[in-house]
């Protein structure tokens, strides 16, 4: 009638198999665990791939134009909206986004869940010469080449 | 002692019959006169019975009144006599109190109906005949009173003949009731053929002389079955169920509270005074067996009823089964327990029928499946119902507990003394029946008073005060008799039990002194009875004390004053705020009307007993012939049992 | 000789009971009730019969030691019993008439709304 | 005079009532696994109750779908006073991958003030236990204000 | 005056309120720990039940619209008071019971019924459909354990009845205690062993512990009878549940383990508490750890066939004078 009686009684004398979590520190997550996102702004090149590939659109990018044409890009990842699928990490060619194994994503306010990072995207270097200067330089180069050719013929 | 007190018994009966006659005359013209006459005759009868209490119960006198002054001549009784000893006065008191309460109740209860003159005439005839039966000391006189009682009860059952099933219930009651009266008459004829007298006292003096005369024993069987029919015992209980379900509530009170008690009175008088044969084991088995069987079957039948009053009807028969079981034990404690339970039964069953009447009077329906949540609209009736239900299921402070406890004690004591299993089995059946009674009253409480209020009864109002007064009288009686069992025992039960056992005194009073001794009747008697003092006021105070300290602790812990109002927040009826906070939890759904009550309660129990329940359902087929067949078979069985074994 | 009365009355009672139990027509059931009643009346009367006794009607003068009467008491009982039998039949017939109006039939197998 | 005692015991025996507002049952299994021998929330006095009437901590999981919206609101209203709402996983807070779908009706914030949230699409039991522990402190604070 | 004082002491301190509540909390705490350990988990602290009680006291009480306020509040308190008054009748640790009328067993039987009735009426007054189902199950559970309980009481009171005995107070605990003091605990009479086993089965169903708690099944019918209760009334109901554990185990000790006393009062009480602990483990924790919850009609069938059979067997044996 009591099939698990023997099991129950023997368990009495075994050590309970409970983790001591609230007492000790939280156990490490498994290796390769997709936890909280870590965003390294320095590597990011604001290609926007992660934005496109993120299903729950948990990222938000706002670009602020600086005076010298640079862009001040800040990425905010909303951890409460992320499904931890790590697609962004895979598609990020410059490996700016990596998944840490921190699973303790607990908070009371919204800010506890935001991972932000800002980077300055350098404007592409201005060409040293303006297009007219380039045209000039080109014309000079051809003139020099022609002059050298005639010198060679004369020589 | 030819004082005026002596002719109170005949006066009480006559007042009721004359009252009936006068109401039919006066009633046509004005309702007030009619009610006045009814009230006067009822209170007069009650007053006379109460006046008799002092001499008969306390001093132990026996009042005999020979109609037409036909005193017995040289030891042979010719005339009809009324003999009032403690036993018959005990039942007389029950009868008059029940009549008074039911009369006062019907003044307001019956105002929906017409032709009330006939109602009150029949009502007074019924009470007069019942009182006559209880007080009379002559066998044929008892038979005539039984007949009047049956006719008036049948007529009153069919009073609301437009009511669905009223005529059918009345007819069945009449047909099988006539079967019972015929067996009574045959019994009387047989007795007369051997003893040539009809006076109870003389019969009880002559019977021991007859020895094993088969005719006398057959007469016992017939008389027993006649009274069993009147008490609606085992094979006759469908009658009671049909009659109660359709009769007006005040008449149901009369039928269940009074008519069954006359059957019980008849059986006690028959077994203890006339035949004094309850010391023979067979008769004990017979009577206790009948009681136990009807007790158990009626309670299980009551378990899945759909009509409130039909459920109460089955319960009243099961409680009468308790009384008969206790009486059949043959021991002094048994009889006093039986009498105590008979009294309690009339009180709490009356209260329950009146609450059923109140519910019907206000909502018009008695179907347990469609009623619900009436406690919000009729709070006082709910309180009265709870008192009645608590006392019938025998919860400690109420009167049911004291008498049921004595019955278990008597049954177990009888079993232990004689050492046979039958009484032990009866004691177990009694305990289980009490639990099933509690179960079915919880079912009624849940499906009628608590739970959710259906739409159509939203505007139901409380019952007018005039109807609640009789209910309050019965409720107070319930509590009083429950709280002081010792006093009830000493003043009411002890004299009645000793009267039942002391047949010699009964005979001497009627037939002149020394008559009993001449016929070798030992003067039995009853020593002081051990009584259930376990529930006297001090323990009642103890429980009250526990309640107060429990409440104090919780109040102390729970709520400092500033939190008080915010803490206990209940929605008040007026501001029907439709905030979901006060809706009952429906796992999120809109709280629709979903009353869990009526027949879908106690599924576990019914599922296990479904074969038994379906069989019993078919057994009560509702066909008149079947009921007559059951009656005839029962009479034949008892007859054979008596003749062969006695 | 007396046995004939008793046998007759119990036969009547038995017949009446058979009628009440077996017949499905209400009128027949009531006839059965009546038969049972007559059986008991016959029984009561025959109980009081003393062979050779004369009718118990006399004046005080004629009352002598050896006058031998039939027992008058059962006859009185039978009178009341006949009256009771009569009004029982009357009441049940009135009920049957009303039932016929309400249920439209007299068959007991159909008049069974109160059951279970 | 028992107030301090009651406040402490409020934190010591918080009872949880779980509302599944259309979740994919990932978080539900995680929540129940918190009571299993491995993580054993009962050490901290947690107990899963059947009715909102007996609940202190209401755990909501799943994006609030249209079907469960008014049921959620009705059940939340039926919880007696000092109560704490915990949102489990990403869905209640933001609707996760179902954000913007026609079938769900906004974050939980629209209906009640969410006290504690647990991130993670199926958060680990340890995270849930940490959140519940934080919830008991908030419960204790609320109880204190209630009777001050 | 000292009668009032002693009765005050009896009601409030020793066999009454304080002792019962302390024992109830202790037993309930231990029970939860044992069940946890059986599932190899740590289990709550010992006083967890006390914290539950205090927390419930601190909560707000919401009286639903369909509820009948008076009965809603009265039911838990009356049930709790009836339970406490039972403890007054019990001769705890062999001592004289605080209050002994003539037939205590029947009074105890009915007071236990009163406690269950209060739960049922409370559930019925709260007007919720879940409570309706809960009360119907509680009633069926009550019917199912009442038969064996009654048979055990009859067997015990018949066992102590010597042939020539005065038949007046048959069901009295005092007589049972005296008999056991005279010739050893009743459990040693082999005819009463089946009754003792039957009583062991009755305890969990009467208290409403896990395998037989069909009435308060949290999962299926949302806390059944307590569906609409919150705040202090709920606290009192849970306290009643806890104290009932103590009362039922104490009743078993009184009925079957009466005679074992060492004379010193304090030691007796400790011994009594020890018995109660062992009984709690045996009857409530073990079944809770070992098997799942019964269905309603299984509970009924189990009690009216197996357990009632055991009790009837011992009743017959005792009745034949063994």
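Lettered A, B, C, D and E in written order, each chain numbered from 1.
Heads up, the rule we're going with is that contacts are C-beta pairs under 8 Å (C-beta built on N, C-alpha and C of every residue); 3 or more make two chains touch, one makes a residue touch a chain.
Computed from a prediction, not measured in an experiment: that's the story for all the values here.
Colleague: Return the chains shared as contacts by chain A and chain C, ordered by label.
Modeller: none
Colleague: Going by the touch criterion stated earlier, list every chain that contacts chain D and also contacts chain E.
Modeller: A, B
Colleague: Which chain has its C-alpha centroid farthest away from the centroid of chain E?
Modeller: In terms of C-alpha centroids, the chain at the greatest distance from chain E is A.
Colleague: Going by C-alpha centroids, which chain is farthest from chain C? Tell me that one.
Modeller: Following the centroid criterion, the farthest chain would be A.
Colleague: Of the chains present, which has its C-alpha mean closest to the combined C-alpha mean?
Modeller: E
Colleague: With respect to inter-chain C-beta contacts, which pair, A-D or B-C, contains the greater number?
Modeller: B-C
Colleague: Return the distance between the CA-based centres of chain C and chain D, expressed in whole Å.
Modeller: 83
Colleague: Could you please state the distance in Å, as a whole number, between where the Cα atoms of chain B are centred and where those of chain D are centred?
Modeller: Result: the chain centres lie 58 Å from each other.
Colleague: Roughly how far is chain B from chain E, centre to centre by C-alpha average, rounded to an integer in Å?
Modeller: Computed from C-alpha means, the inter-chain centre distance equals 35 Å.
Colleague: How many angstrom lie between the centres of chain A and chain E, each centre taken as the mean Cα position?
Modeller: From the centre of chain A to the centre of chain E is 65 Å.
Colleague: Two or more other chains in contact with one residue: find those residues in chain D.
Modeller: Residues 2, 6, 37-38, 40, 43, 51, 53, 78, 81 of chain D touch two or more partner chains.
Colleague: For chain E, what residues touch not just one other chain but two or more?
Modeller: 36, 39-43, 54, 57-58, 60-62, 130, 222, 227-228, 231
Colleague: Which chains are in touch, pair by pair?
Modeller: All touching pairs, sorted by chain label, are A-D, A-E, B-C, B-D, B-E, D-E.
Colleague: In the complex formed with chain E, which residues of chain B make contact?
Modeller: 373, 375-376, 379, 382, 386, 390, 393-396, 401, 405, 408-409, 412-413, 416-417, 419, 421, 424, 427-428, 431-432, 435-436, 438-439, 442-443, 445-446, 450-453, 530, 532-536, 538-539, 542-543, 545-547, 549-551, 553-555, 557-559, 566-571, 581-587, 594-597, 600-605, 607-608
Colleague: Of all residues in chain A, which touch chain D in the complex?
Modeller: 16-19, 21-22, 26-27, 29, 35-36, 55-58, 78-85, 103-108, 113
Colleague: Show which residues of chain C lie in contact with chain B when the two form their complex.
Modeller: Touching chain B from chain C are residues 13, 17, 20-24, 26, 29-30, 33, 36-37, 40, 43-44, 47-48, 71, 73-74, 77, 80-81, 84, 87-88, 91-92, 95-96, 98-99, 102-103, 108-109, 111-116.
Colleague: Per the contact definition, I'd like the list of chain A residues that touch chain E in the complex.
Modeller: Against chain E, chain A makes touches at 1-5, 7-9, 11-12, 14-18.
Colleague: If you look only at chain E, which of its residues touch chain A in the complex?
Modeller: 34, 36-43, 286-287, 289-291
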